[in-house]
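Just passing along the structure, written as structure tokens.
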Amino acid sequence: MRLVTAIVKPFKLDDVKHALETLGVHGLTVSEVQGFGRQKGHTEVYRGAEYTVDFVPKVRVEVLVDDHDAERVVDALITAARTGKIGDGKVWVTPVETLVRVRTGERGADAL
Amino acid sequence: MRLVTAIVKPFKLDDVKHALETLGVHGLTVSEVQGFGRQKGHTEVYRGAEYTVDFVPKVRVEVLVDDHDAERVVDALITAARTGKIGDGKVWVTPVETLVRVRTGERGADAL
Amino acid sequence: MRLVTAIVKPFKLDDVKHALETLGVHGLTVSEVQGFGRQKGHTEVYRGAEYTVDFVPKVRVEVLVDDHDAERVVDALITAARTGKIGDGKVWVTPVETLVRVRTGERGADAL
Amino acid sequence: MGINSGDTAWVLASSALVLLMTPGLAFFYGGMVRVKSVLNMLMMNFICLAIVGVLWVLYGYSLTFAPDAKGGLIGDLSNIGLKSTIDQVSTGYPDSAGNYPHAIPVLAFVMFQLMFAIITPALISGAIADRAKFWAWGLFVVLWATLVYFPVAHWVFAFDAVGPDGTTIVAHGGWIANKLGAYDFAGGTAVHINAGSAALALALVLGRRKGWPKERSRPHNVPFVLLGASLLWFGWFGFNAGSSLKADAIAANAFTTTMVATAAGVLGWLLVEQVRDGKPTTVGAASGAVAGLVAITPACAFVNGLGGIVVGIVAGVLCALAVGLKYRFGFDDSLDVVGVHLVGGLVGTLLVGFLATSTTGAGTRDGLLMGGGFDQLRRQAIAAGAVMAYSFVIAFVIGKLIAVTIGFRVSDEDEGAGVDTTEHAESGYELGAVTGVGSAYRPVPLSNEAVDA
Amino acid sequence: MGINSGDTAWVLASSALVLLMTPGLAFFYGGMVRVKSVLNMLMMNFICLAIVGVLWVLYGYSLTFAPDAKGGLIGDLSNIGLKSTIDQVSTGYPDSAGNYPHAIPVLAFVMFQLMFAIITPALISGAIADRAKFWAWGLFVVLWATLVYFPVAHWVFAFDAVGPDGTTIVAHGGWIANKLGAYDFAGGTAVHINAGSAALALALVLGRRKGWPKERSRPHNVPFVLLGASLLWFGWFGFNAGSSLKADAIAANAFTTTMVATAAGVLGWLLVEQVRDGKPTTVGAASGAVAGLVAITPACAFVNGLGGIVVGIVAGVLCALAVGLKYRFGFDDSLDVVGVHLVGGLVGTLLVGFLATSTTGAGTRDGLLMGGGFDQLRRQAIAAGAVMAYSFVIAFVIGKLIAVTIGFRVSDEDEGAGVDTTEHAESGYELGAVTGVGSAYRPVPLSNEAVDA
Amino acid sequence: MGINSGDTAWVLASSALVLLMTPGLAFFYGGMVRVKSVLNMLMMNFICLAIVGVLWVLYGYSLTFAPDAKGGLIGDLSNIGLKSTIDQVSTGYPDSAGNYPHAIPVLAFVMFQLMFAIITPALISGAIADRAKFWAWGLFVVLWATLVYFPVAHWVFAFDAVGPDGTTIVAHGGWIANKLGAYDFAGGTAVHINAGSAALALALVLGRRKGWPKERSRPHNVPFVLLGASLLWFGWFGFNAGSSLKADAIAANAFTTTMVATAAGVLGWLLVEQVRDGKPTTVGAASGAVAGLVAITPACAFVNGLGGIVVGIVAGVLCALAVGLKYRFGFDDSLDVVGVHLVGGLVGTLLVGFLATSTTGAGTRDGLLMGGGFDQLRRQAIAAGAVMAYSFVIAFVIGKLIAVTIGFRVSDEDEGAGVDTTEHAESGYELGAVTGVGSAYRPVPLSNEAVDA
């Protein structure tokens, strides 16, 4: 099993979800994160005092997939999340040793 | 070392924590996530316009464990988090190469 | 590629960020988490009823790095995040198989 | 007959102030529940404005304030649909020359009293947080207002009307106000004991929340609790000082005792917390203020400033202790309507029997500690007991009837998911930087054309 | 001439109440937008207090209420800079003895009317949420207040002043109030139709938000929506009952109809939701209250309590249906200013023609259903149409002029990032337990010394 | 002696309005602090209602408004425990016939003035956000109110009482009001300079927050800041126009200048921000409103509408610049009490010396720019300087005494963890969809039986 993780722009989440559904992916988990990288943050001002926000809101998308699906999912994620502007994010794949569905105890690909 | 990650229903967190404590697990890290899968979200209505919320709130539980504890922890998580209804979530295990306790610099199992 | 993950005290985030920038790390992703461990939570009281909060707010920092940088990044993280008090957190390293920059499709170290 | 524009201005302003108390209560309660039922709690309060507002015009005012139909129990139907109220005056009492110097438009009085009829059922809602069907609650409000509030308010607030000679009774009122002669200036019995007692009944009818008392969630928004308490405090000046129906020395004294009892209520509650829990809390300060306000309500015109301090501090201390009763007896009065309103209402109503002083100008007999003997205390106790018993019984019966017919409580599943989404198809907040998570927006049917185009 | 202190107290209190409506509106609107533009929405409202507050003193009051300059279209310049107002009285109508028993200080009237001039442009802002340049909006407020609100308020609210004999006209007012004889007690035309019509124009000028209507975000803070609606309800008693300019029976009746129409508006809106959507919502309850308030505004002194129920329920139902129109016709009136204020204003203004009754003491002709024929309905329709057309055209022209000169709409990029940070360099909330994420704090230049030290 | 019901209605309504200012201030301040100390900030304000409310009845009113004890410095003890106030009238000034047409109940005056005594110490709390021990603050409030506010308010607000002939002094008041003859209609000196100066002293006593000024957190809830500012604006009409103690032309003028100075204050502050920072902010708009309100407070009855614009714009601009002073001089006046209240109070108090006009009916000498010479300006400066110096010194001494005895500042660790949990055992919000994270609920001891059962 593989875990595909993507950090993407928040407003791209819907596109990402649709792309994955089209591929037949049945589930995913998302969370809010703050990213720091080439994309600049912004500056706020309160009573004349500047406040630099370096971090940019991003969404982390995690998808558990069968080994042979990993590459297709990565490609779909990249295509769906791309705007071509700085800050589009990263996608990476990590190995998963055991995967279990809590409800049934099914393991491996059956747990997806 | 292994990292056991579980996506579970939020109201099961207390049970999960107690189960792990019973096993002698000393620490864990949790975060709020949104899950998409077989379990359906819900629909909201604002001034007559429907708004479908596809995501369901879940909690991610992460536990770093010694290799030989991984399976026991997985089993305990599954037992504690199960309701038997759709949406109970997933548990998976990934390999960890280095683990350090920030405070002391201890490594490996000593860092737990 | 390697993914270095650190759970640290929230107020140490700025120091961690600076330490990583000094090392030449170009990006990182942070998220809010709740930690349970040796460090105790606190107790609240509402209309005479006690409410024990076991979890302590922490920040998770994730840094994707080239394999040979992993150890240096781990060391920098530990040094920057350390206060010497209980609850300073953990740092660990996991293997990453594929890494892609969404914007350009670059892979591996080029994606950093 | 000329109306007194100053008195009218005060009664209109007071009516607006009391109106604001219901949203204030909504936020006081709403901040205390968990985030998944904040809207439901706000709505259980807000709907009282809508329902009772309409009922009052249709028949509520008439049942409460039209001339007594029988035995001081209920008003007749002569003001149904607000008949014979427009452009009429509410005379007040005549002066020695037989004039009515404090006449105000009847509709000003109608509105002022309406606000009391709204907030009383709203108070009850705190007992059944997180678990009631919304329309079942709406039906309860209709029935309880009709069968309990309107008659009880008639008992307590409908005074006999006298002719220009100052003695001939031209229209009869309710039994507590006129026959029993208990003193309840602004509603310790009719409002607070009444609501608190009904709250206990409903808490029993609906039963405990899942997991209570072992599991509980923290107040989701404590600033809202304090905002609500502040709006209540502000509006309560209309409630108490407005109950004089004149901008006069009695109103000013009621204002004073209201202010200082509330201040003392905060100190009393925080004192208990400091001693018992080790810390003074924000929820405690807000609760102490409300406890003080509740207790001074019946007493506000009958005690002086120092008396107000006593009423407030006693109420703050006793209510802070009383909120633990639900754990001892095992009833889930979720937001402590019993501990604050029933107990606070009893404290205030009975303290009138101890502390009332004839010096305030409100024409009271002296209380026990002021040299007046047990007489007034006895009357106060009877009034309190009668309202408490009546409200409990009828509320319990109405609640049970609703429970066995349309059902009063949501399913366990809905309770777990939170009544905001299941009863109202909404969520309280969407504060994430991530917008559009999971949104698939489908506008109202009407609009399909434009959307599909 | 002596002033009536009771009437003055009521008008001053009412002015304060109406002042509070603009922040109330800010929260009603602000809670409905997404989290990234809440501050901008609050600011679009708040800035109206500042801009119109100053304009009114400089020339707004004079253009609106100084003696008519020509044709009932606009006031003259005799009160520029509030000249000749200090220590003067606003007489009201004389009694049969030629006295003015209801005189109040002119400045009380000046302030009361100012609050109307502030909230009317503020209402418009809901149509252009999430996408307007802040100073472009500021400029629009200056121009629209000057070219639309001041003249229209003169048409509707400036009554001919009469001498002690009660008939000789000593100063002329606006054409709708005096020549046409339409009834608009507190601003169905001048405030709500006026603002609603301008809102439609601006929604067209600025165009749809990116992705609308397919993409949308939920209201980010529904409790704020209800808080705002509650403050509006509270303040609206000043708006409507204060418009009597006396603490009298007319004020009390206006208070009554305002209360009950709002209650009925809530029920009407929730009824539509229950039937159409299956659930009664909090946003719906708040919206129904506002719809009821809007519709009763022109009618409040001319109908009785039962009439108020009818006005409220009709408005609640029709506005709940009307908010779907924007999807059918494809204009992004973001927070339904058209659906609630234009439609609600029309409902109320026209219902006066049906339900007005001469029994309220406000000196009205009877409406169609009260046996008065079509006459009044015709006058009402003309007034509504005239204001609607004038406001739409001028607002559209002003909007376009701003759009082609300094630009009215932010860039797509800024709209995506959210106007709070791009227009105001702020964010609404920082609630994370994680503080200091990414903060690199640099104080004002002035302070470098101390910081570096 | 008959009371004037219209004046009484206005003073009672004003008292309620001013009461609401303290919660308004709590939210104005509370929204600006970080999320971990919001409750503490709310509580530091709210506790002033409780503490000063009780002190006032016990002895505060007497020290402030009982007949002068000696030298115009402090009142005597004749009204201790509000003795001799119930059912008494506050006469106001006699008319030419020796009647008192504007008499109101003494208790109305007592309550109105109490609200000023509450909000003045509350204002100070903004200087010591995030780091004060709660009960140490409570003790400071007791001592500062007693040693500073009550005497200073006597100096400024206690006017000599005159007999029916209009000249014979029947009871003496304070030295600033009567001997010095400075004009301070509603509290530029007694309230704002007084609080601002004490705030500076306390900021010095407590010292800087950890990491200040390099590290800082953003305002955690900007909508609350604007909500607070709006409630302040609303309530301030009671503060300023209520200070007339009559519903008359002076009140109407004070209302007018208050409104327009606030509007101009917003514009002035935003102008500075636009020029200096490039963006107009919400916190800036709220701050500008408060700056305008502060500055017009002493001047409101003595200038006209155009004068109000000048006062407001000068205050808005100068205060927007003055909030940077703390960085230059290195004192951590956390929420800019000095920059807004001390500076704004000075601006207003001194501008009276320039802009006062005898035409407003408030019986003023003309100011410098109105042809009146330097005389009034000198008196204003002396009053401002005396209050500033006295308040600073005594506040500093009280603060130090508390610091060295029970300690005024929390430990570094508690400051890091946040004073909400360490001082109040609460947290402001629990908004997570995840409920029950880490909750192990243990009810009050009392309840163990039922729980274990």
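Each chain carries a letter (A, B, C, D, E and F) given by its place in the written order, and its residues are counted from 1.
Everything that follows uses one rule, which is that contacts are C-beta pairs under 8 Å (C-beta built on N, C-alpha and C of every residue); 3 or more make two chains touch, one makes a residue touch a chain.
As the structure is a prediction and not an experimental result, all values here were calculated from the model.
Chemist: Chain F and chain D are one sequence twice: same or different residues at the contact, by the over-half rule?
Modeler: Counting shared over all numbers used gives less than one half: different.
Chemist: Which pair wins on C-beta contacts, A-E or A-F?
Modeler: A-E is joined by more C-beta pairs in contact.
Chemist: For chain B and chain F, what's the span in angstrom between their mean Cα positions?
Modeler: 51
Chemist: Taking each chain's centre as the mean of its CA atoms, how far is chain A from chain C in angstrom?
Modeler: Roughly 18 Å, centre to centre.
Chemist: What whole-number Å value describes the gap between the mean CA coordinates of chain E and chain F?
Modeler: So the centre of chain E lies 31 Å away from the centre of chain F.
Chemist: Of all residues in chain C, which are in touch with two or more distinct other chains?
Modeler: 11, 14, 17, 30-32, 34, 36, 44-46, 48-51, 54-55, 94-95
Chemist: If a residue has to touch 2 or more other chains to count, which residues of chain D qualify?
Modeler: 4-7, 9-10, 13, 213, 215-216, 218-219, 221, 276-279, 281, 283, 323-324, 327, 425-427, 429, 431-433, 435-441, 443-444, 446
Chemist: Per the contact definition, I'd like the list of chain D residues that touch chain B in the complex.
Modeler: 215, 416-417, 421, 425-427, 437-444, 446
Chemist: Which chain D residues qualify as touching chain C in the complex?
Modeler: Its residues touching chain C are 213, 216, 218-219, 273, 276-279, 281, 283-284, 287, 320, 323-324, 327, 336.
Chemist: Under the definition above, what is the set of chain C residues touching chain A in their complex?
Modeler: Contacts found on chain C: 1, 3, 17, 26-31, 64, 94-103, 105, 111.
Chemist: Over in the complex, which chain D residues touch chain E? Could you list them?
Modeler: By the definition above, chain D touches chain E via 3-10, 12-13, 15-16, 19-20, 23, 26-27, 30, 38-39, 42-43, 46-47, 49-54, 56-57, 81-82, 85-87, 89, 104-108, 110-111, 114, 134-135, 221, 224, 423-433, 435-436, 439, 441, 443-451, 453.
Chemist: Where on chain B does chain A make contact in their complex?
Modeler: It is residues 2, 6-8, 31-38, 54-55, 58, 60, 70-71, 74, 77-78, 81-95 of chain B that touch chain A.
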